[in-house]
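Both complexes shown next keep chain A, but they swap its partner, so chain B is in the first and chain C is in the second.
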Partner chain A sequence: MSKQNNSFMNWLDKRFPVTENLERHLTKHPVPKKVNFFYIFGALLMVIFMVQVITGIWLMMFYTNTEEGAFASVEYIMRDVEYGWLMRYMHSTGASAFFFLMYFHMFRGLLYGSYQKPKELVWLFGCFLLFLLMAEGFLGYVLPWGQMSYWAANVILSLFGAIPVIGPDLQVWIQGDYVLSGATLSRFFALHVVVVPLLMIALVVFHIFALHEVGAGNPEGVDIEKHRDEKGMPLDGAPFHPYKTFSALPAIGIFFVIFFAIVFFVPEGGGYFLEKPNFEEADFLKTPEHIAPVWYYAPFYSILRAITFGIPFLGITSKFLGFIIFAASIAILFVVPWLDRSKVQSIRYKGIYSKIGMILFAASFITLGYLGTKPVNELRTLIAQICTLFYFLPLILMPIYTKYEKTLEVPERL
Partner chain B sequence: MIRYFALLLLIAFCGKLLPAGESECGALESCTEYKADVHDLFSLQRGLGLYMNYCSSCHSLQYLRWNRLQKDLDIPENILKEDLILNPNVKNSDYMTFGLNSDDSTAWLGAYAPDLTLRTRVRGESWVYTYLQSFYEDASRPLGSNNLVLQGSSMPHVLSSLQGRQQLNNKGELVKVSEGMLSEQEFDNAMQDLVNFLAYAAEPIRSEREKNGIFVILFFVIFTAVMWLLNREYSKDIK
Partner chain C sequence: MSKKIDQNRRRALHITSGIVGAVTVAGFAVPFLSAWNPSEKAKALGASVKFDLSKLEAGAMVVLEWRRTPIFVVHQTSAAIENLPKLDAKVTNPAKEEGITRSANSSYTVLKGVCTHLSCAPKYHPEIEPKAWDQEWLGGFFCPCHGSKFDLAGRVYKGVPAPTNLEVPPHSFDGDVLTIGEVA
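Coming up: the complex of A and B.
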């Protein structure tokens, strides 16, 4: 049997490099032996991506992408399709889980300098993935055609309308109509199920290829490639398969325990995962009292709302300035590899300013997230403005403090 | 490691502290907390009875099918046909569409009577439960009744024959001015039945979902344990 197998593999390998790639990416790819729990989120993101794709395909079989039929088709899935409710809850919970894992994955990157030379491209592809995930989430959120779907989409699309000169025409071009309507719904459906997922799959592949070229990091920021054994395997490393694949499985198990606890017992997530107004069909004539984004957009939405002033002499309205700052809050993440001038990678060996900066950044992000789900008042706007400042400052000042602050000596081995 | 878990716990706790919506109970400070029980079959059947007698003349259940209701609530075929559907042109597999059409409703009552299939998910179970108990007489309203939870509600107090008449005292609290067919406790139970039924209508699978979820979770607990043991064996190689 094994001989047959080998001859089959030989035949295959001469025509398609199966073994070479398996060895390169799995069985001989070295990864650091000792990492902490922050390093599991990448694997979990792969799992949740697959969950979303598979459940999405099933939902697509029964969903109707028309203004008249969308809302009813979701109820049809929930009631008449066998296990349709499970697919739908897994998909809606999966969206929240995707962002939750993504934020932790990126925070890990910031903490342990997973963007530093030569990992700039890994980080860049990851940032593009965040951007695509946000687009994907937004497009998908419109599809059930509930009240909040409709009005939240209106708020976001009106941002394009705020761009000077081309804005109003651009908004009509994106919507495909003068108002958000069935025309918008069907193009959002096409983008949500085909265009964005395809781009995401491509970028995931790039992300992983780039990572396997430069090697995975570790919380110490130690370069494991420096010390190798006689076979060329790093002394502090182990092959990805079976060691890392099997160490990920218990974590995936724990993740699914939590995931399915939500799916089966609190699928609405207290109104955070499935919002109450979305159980009512979109009504063009009835604006909800309070339009709130889903929790995972709340930090960015908060930044958008915090900008209550424009630059009149440049003709920039507060809405447009808000849009610029909102876009900048995501764009700035792309340039982090060039902002950090530190000699060390990990926060463990960086100086006090980096530590304070990271705490301020994380605290602002969480506070902005909380404020984004609440209606505005004066105090909340003020806090949001302060938090916006502390979201940007640690990143903008990074080139200065990382260059001059005192760092600790990084050990040779893990 | 422990610090990270403390951070995670803190974040989870923040979510608990800060519910998504603010108080939405109209003139009342907060709604009476009520969590529907969709596992009590008799309660759901009683709730259906109340719904058909008191709600169905105006409010439809447009996403629920008669035969789904029959299966889930264990209703015999003859009762479904003769006492519930009533109309020989309606098939068992049809949706429960009945009640006022929106033009008539707007002309007669001033507002359309909303479809109630998903109402408990839009408003919340506590809201509906409190709303049903908070009608009072108000001569300034066209139909002579108002509601503390939804001020200016166009819905008349259709349950007054069961609950009795209520008025507001000087402090703005509800007081009973005449007895209905049911005692206070009986009426409260009846409203629980009705909300339970509405919660069922909003999500017919809920009872099954809550019953079966534990097995899925149990499977992943065992999966985690086995994988943990397997990983322990593997990680011995690279110690």
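Coming up: the complex of A and C.
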């Protein structure tokens, strides 16, 4: 700990270790000197999380969580509340931005091996955060009680109903009614504004504590802890403040320029951020022509729909198998640290199979995302099935090819 | 001063407090998890619906409401009962195992009145006469939204947008009383 020359800080630190923790987690925390563009998404995620929390609290002040009042209260926020439209569009655009940043942040992790020993827990907490974010987004999308809120929720809840034996009862229990109704809406509201955000905050803290224990990575996969100066500062590292804080500021600025350009000029994102049927109140007798998820769920929804076959002799329907594969597509990310057997961290020093695998994985994810927003036909289903295969294969085969492929020598210094 | 720690006593205390703690948590979980079950109000609204069939003459249909879904109850004419097997070749899934009327009764048909295509309400057309949508119409349901055709037992014709037969809700007959929502 540095010398205290401020008597107030001195008094405080003896009772509550502010300086020690600030130094450990913020000011003196060493980070690699050279990183690239991909390393900004973590900071931006913190920023967008704060945007969501603040706009969410303000929306909650005007929203009504009943079947009768929900849709009208959203219109009230949009038309009558001063700057209500800004709060709502920031929140809805924020949801899309959250996923966009999350996907890039995780892809960075996959590219540069940010999950490898000893960073397994950093990655694991991150995967839990992705899962919670998906739950949070789904719950939030139901709240405006528009047509797409209602029918998309019906599709997802009926997946629970497809589980053999316990499914139908489980679905009724989650809904709190025999059909999706106001009972469902009000419990989703409680989960969306209290339960899931609290868990997310806890996991963000865990994610960062674990990261600061093992140290941030870099695109080269060089261990900066190996070479230190006489004060113990890694030679290839720099203190977080002011080096990282100030280099993040322009990025945050640029991010907000893009963010607000969307909020002000294309808040609906051409029907991809806010879907058109959601401007009509939920009607349980009228299904929309085409039920499509918001873009950020599209890749996973595509995987769900690609499973058009069941396992009849095990009594597994196509719908339930779809649910299993859909769940597996997220679950498999959790075990990536134990699938990668490579001696090197970064894709830069990995072999050709890792590179091909990463390209196939990313291309499949994007293609699945495109297909998920379109109505099904035979050709699209076939492409989705192929892409589902190429989403899983690079990960499933990882233990084999990462062990045997030829890797390059990683330099000592960054 | 140091007294020897009685490890057995300590282990016994650990185990008993662990069990008591687990039972307490499990016990208190019951009310919180049960609160998610359908409330008495939701149960009342979702309860089974009874209907006296003696009021329904042959060839007529009545629309009941059960769990926010319209339920079609059709009293089939003897002509309809004769005609239904003739349509086996024209429908996607003849559903022979469900019986001619697809219900637990040989003269009534009970269906969810929701088109299996996009949930529009199919219209009841029991007349046996040429229609704009079918020159050999033997009576059935026609969905005005996208032209799906079903026969009087709710079986979907081939070559229309709806993929499956109209759904049969759980139901039971007790003399003249039809109960929707309960299987006998």
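Going forward, the second predicted complex is superposed on the first by the 409 of 414 C-alpha atoms of A that agree within 3 Å, B and C clash if a C-alpha of one lies under 4 Å from a C-alpha of the other, contacts with A are read in each partner's own complex, and residues count from 1 in each chain.
Heads up, the rule we're going with is that a contact is a pair of C-beta atoms (placed from the backbone, for glycine too) under 8 Å apart; a residue touches a chain by one contact, two chains touch by 3 or more.
Source: prediction; values computed, not measured.
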Report task. Specify the outcome, clash or fit, for chain B and chain C once both structures are aligned onto chain A. Result -> fit
Query raised in the report: After superposition on the shared chain, which partner residues are touched by A:Phe265: those of chain B (first), chain C (second), both, or neither?
Result: first
**Report entry** Inter-centroid angle chain B-chain A-chain C after superposition on A [Cα, multiple of 10°]
**Finding:** 70
Requested in this report: Quick one: classify A:Pro375 as touching chain B (first), chain C (second), both or neither.
Outcome: first
Report task. Once the structures are superposed on A, label A:Ala72 by its partner contacts, choosing first (chain B), second (chain C), both or neither. Result -> first
Query - Partner chain in contact with A:Glu280 - chain B first, chain C second, else both or neither - result: first
Query raised in the report: Taking the superposition as given, does A:Pro250 touch the first partner, chain B, the second, chain C, both, or neither?
Result: first
**Report entry** First (chain B), second (chain C), both or neither touched by A:Ile366
**Finding:** first
Query raised in the report: In the superposed arrangement, does chain B or chain C reach more residues of chain A?
Result: B
Requested in this report: Considering only the touch criterion stated at the top, classify A:Ala183 as touching first (chain B), second (chain C), both, or neither.
Outcome: second
Query raised in the report: Should A:Ala292 be classified as contacting the first partner (chain B), the second (chain C), both, or neither?
Result: first
Query - Partner chain(s) touched by A:Lys14 [first = chain B, second = chain C, both, neither] - result: neither
Requested in this report: Look at the superposition and give the distance in whole angstrom between the closest pair of CA atoms, one from chain B and one from chain C.
Outcome: 9
**Report entry** Residues of chain A at both interfaces, chain B in one complex, chain C in the other
**Finding:** none
Query raised in the report: Along chain C, where are the residues that touch chain A in the complex?
Result: 36-39, 42, 45-46, 67-70, 114, 118-121
Query raised in the report: Okay, in this complex, where on chain A does chain C touch?
Result: 172-174, 176-179, 181, 183, 187, 284-289
Query - Residue ranges of chain A in contact with chain B within the complex - result: 33, 36-38, 72, 75, 78-80, 85, 238, 242-243, 246-247, 249-250, 252-254, 256-257, 260-261, 263-265, 267-268, 270-272, 275-277, 279-280, 290, 292, 366, 370, 373-375
Report summary line: Within the complex, chain A is touched by chain B residues 1, 4, 11, 14-15, 18-22, 63-65, 68, 117-118, 121-124, 202-205, 209-210, 212-214, 216-217, 220-221, 223-225, 227-228, 230-231, 234-235, 237-238
